[in-house]
């Protein structure tokens, strides 16, 4: 298990996490392959968001380990995870409310910007060039996600669906290798969901980004994911292709509340 | 329909990122600068310069400093006075120990010392937020003043306990201390403020400013996109204290001429905080407008009753000032939490449509 | 080595050298601490019920004390003056709720905090305009003499102050635990929206809690004012209550009390045993430094709930 095979981007090994007396995750293991879309599903409170939080270093599991790009680690700070190419969006949108959509997305480029603060204060040559260079990149993403019209709007004023899109754009601005999406389609209407599905598939296709996503809409999950992991009460109860999972007895029981 | 965006095409991202994107804004700003640098020194008398304009410029700088920390990075500080004192006392020590050192360099070094002290008192900001942090900055305020009061080395053990600005020259002109002309001190203050305001504006519209605002708006999300919280907050503390430190140095060397720690008391911290609130949190222009408002207000309150022939006892006047200050703060927070800067913006938007109602 | 001695050996040596004096210092500190506790208590009440960090609590203490003394100076008997002051504080709470809080609903905590800074300026200004700004003596008829307990002199007045504080705390405990209003207050403290949705009138709750804080401010004002005179510096104890809150946790009533006592004793001991070495007047900053160091290790305070961050 320890030697990372080339197609495995991320390995989760026996991860257990508890808060006080509450066991959020117990002994969860699964692999994530490069370029795939992996869905994590499960009833409310199954530990799906906790799993994402463990992967990007926000929670530190009591036991188990995470191997990312061949490096095994027990605990790491979120900003280091970001540095290694893990980006995410949140269930309850976590945009910077006081900033415009453009500024929000530009923060996603922060890690790639290098010019020191003195040059920035003077706004001379390199600082100016860097700002424009990254703006170009960001504008391409804005174009890709079709949010040109709202770039100068403070995000607090945007409708929910647009905020979700800006948040995805900010995550993409980081040029991640691994993108974690926490319920990207929650609270959207059918049309917005279709748009979002298209964006996710395009990201996976065009940028080759590996995606882990949490989603409640089974139709969406079955349509766009390559593989599915099912969690229930913090334990993994099934893993496989959408069809395999759909036929799994335990999964059906968990969703129908039997056992 | 004179002030408008239509017809001002931006064809490059560079043009879109400029501070003043409209032609008319640039013209207006140039006029303000000409007025401030050329007309005012010729026209203003000693009283106006000493009692109004110089303190306004100095407090503008301090308010920009506090706004970087509180308005942009979201870290509340009640220690502004303390950081200003660090700047003032460092300048005094440096210029008395090395009389030949260029006074501008001394100001910069003093700002640097203030920045170091700011970093030390900013360290708790990694673990604590909001009001808790305000208490940590109060520790800075009280401890620093106590230190400068108790340790004679800081004021060269002179009997008065004051620090007095010695005369220092710049381009052959005496710029500090009692011998310096008010016009000269005004111009120097204005120059420093203009440069530093520009630097601040550049910082806040670039990468650093965005990471500050990200930390302010949602620190956890900021960390998850790769912003290092401690690093970012400490940079805010350092830069903010630097500005406050330079302002403190200027307030003794270009304005008061002589001061003791009382000149940097907790009330100064509050006053600068008020400037930031009234002017607008998260706005460089707002800091300057706020400073203008808060420096002018007491002068207005003193002179208006005199003009109508009313004589008010000094302590009553002080209480009235307190009430007006307090009332204004509450009023501004209720009506426009984003302060004068937002009002200015709204006015510009109205102007854009004028003379049509919408 | 000598430094080590002056800082870490000599102070302790002198503590154990005369335990009686140490006891006296500690008792003196406890009694100052009681006053800090009282001010901090007012903070906690308001913070718990409305999430407002009330910076103006100190100004409220000053305002209450000024009103009381002002009335007494005009020949109003003590009991009537007290009753009138209570009415004034309730009226004040009503005004604050009407003119300020109700217009700042849904604003961020930091905006509300700054609004209360403005409020404290207003209160200080108005208080001193109405009642004058010279130092006033508040005499409520408790002798300022010492009685001896086990050889330690205890000021009768201080004892009275401590008892009064204890009484207030007991009264508040009963109010919060046993009355329907108290229960509503705790509900509001837990969740504003939920409380509103089950029909608890938020505005009235705020009025009540600010009135109760006003009442606590009167007690603090009486005790403090009678001890060292009613004057502007009274409102500065508000600042001292901040480190107390840090120590105790913002939402804990026992925390406010224990925190106040710790700060009171701590700063007395520091001033007496370490003050001379450091040049004196370290009372000015000791409490803040203590709180700051404490924060680094336990950000939630002694009795505060552990902060679990969620996203």
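Every chain is named by a letter (A, B and C) in the order it is written, and numbering of its residues begins at 1.
Criterion: a residue touches a chain if its C-beta (ideal position, glycine included) is under 8 Å from a C-beta of that chain, and two chains touch if they have at least 3 such contacts.
Not measured: the values here are computed from a predicted model.
Novice: Quick check for you: compute each chain's CA centroid and the global CA centroid, then name the chain with the smallest gap between them.
Specialist: Per-chain C-alpha centroids compared to the overall one single out B.
Novice: From the centre of chain B, which chain's CA centre is farthest?
Specialist: When every chain centre is compared against chain B, the largest gap points to A.
Novice: Quick check: how many Å separate the C-alpha centres of chain B and chain C?
Specialist: 33
Novice: Could you put a whole-Å number on the gap between the CA centroids of chain A and chain C?
Specialist: 47
Novice: How many angstrom between the C-alpha centroids of chain B and chain A?
Specialist: Between these chains, centre-to-centre, one finds 41 Å.
Novice: Note the residues in chain A that touch 2 or more other chains, in rising order.
Specialist: 58, 90, 94 - these are the residues of chain A that touch more than one other chain.
Novice: Show the residues in chain B shared as contacts by 2 or more other chains, in ascending order.
Specialist: Expected reply: 220-221, 224.
Novice: Got the chain C residues that touch at least 2 other chains?
Specialist: If we look for residues of chain C contacting two or more partner chains, we find 311.
Novice: Considering the complex alone, what residue numbers of chain B touch chain A?
Specialist: Interface residues on the chain B side: 12-14, 17, 199-200, 202-203, 206-208, 210-211, 213-214, 216-218, 220-229, 235, 239, 282.
Novice: Considering only the defined contacts, which chain A positions touch chain B in the complex?
Specialist: Touching chain B: residues 56, 58, 77-79, 81-83, 87-88, 90, 94-99, 103, 106-111, 113, 115, 117, 120-123, 127-128, 131-132, 135-136, 139, 170-171, 174 of chain A.
Novice: Would you pull the chain B residues touching chain C in the complex into a rising list?
Specialist: Residues in contact with chain C: 74, 76, 124, 127-128, 130-132, 134-136, 138-139, 142-143, 145-146, 149-151, 220-221, 224, 266, 270, 273, 277, 315-316, 319-323, 325-330, 333-334, 337.
Novice: What residues on chain C touch chain B, complex-wise?
Specialist: Spelled out, the residues of chain C in touch with chain B are 53, 99-100, 103-104, 107, 109-111, 113-115, 117-126, 128-129, 133, 239, 242-243, 245-246, 250, 278-282, 284-285, 288-289, 291-292, 295-296, 299, 309, 311.
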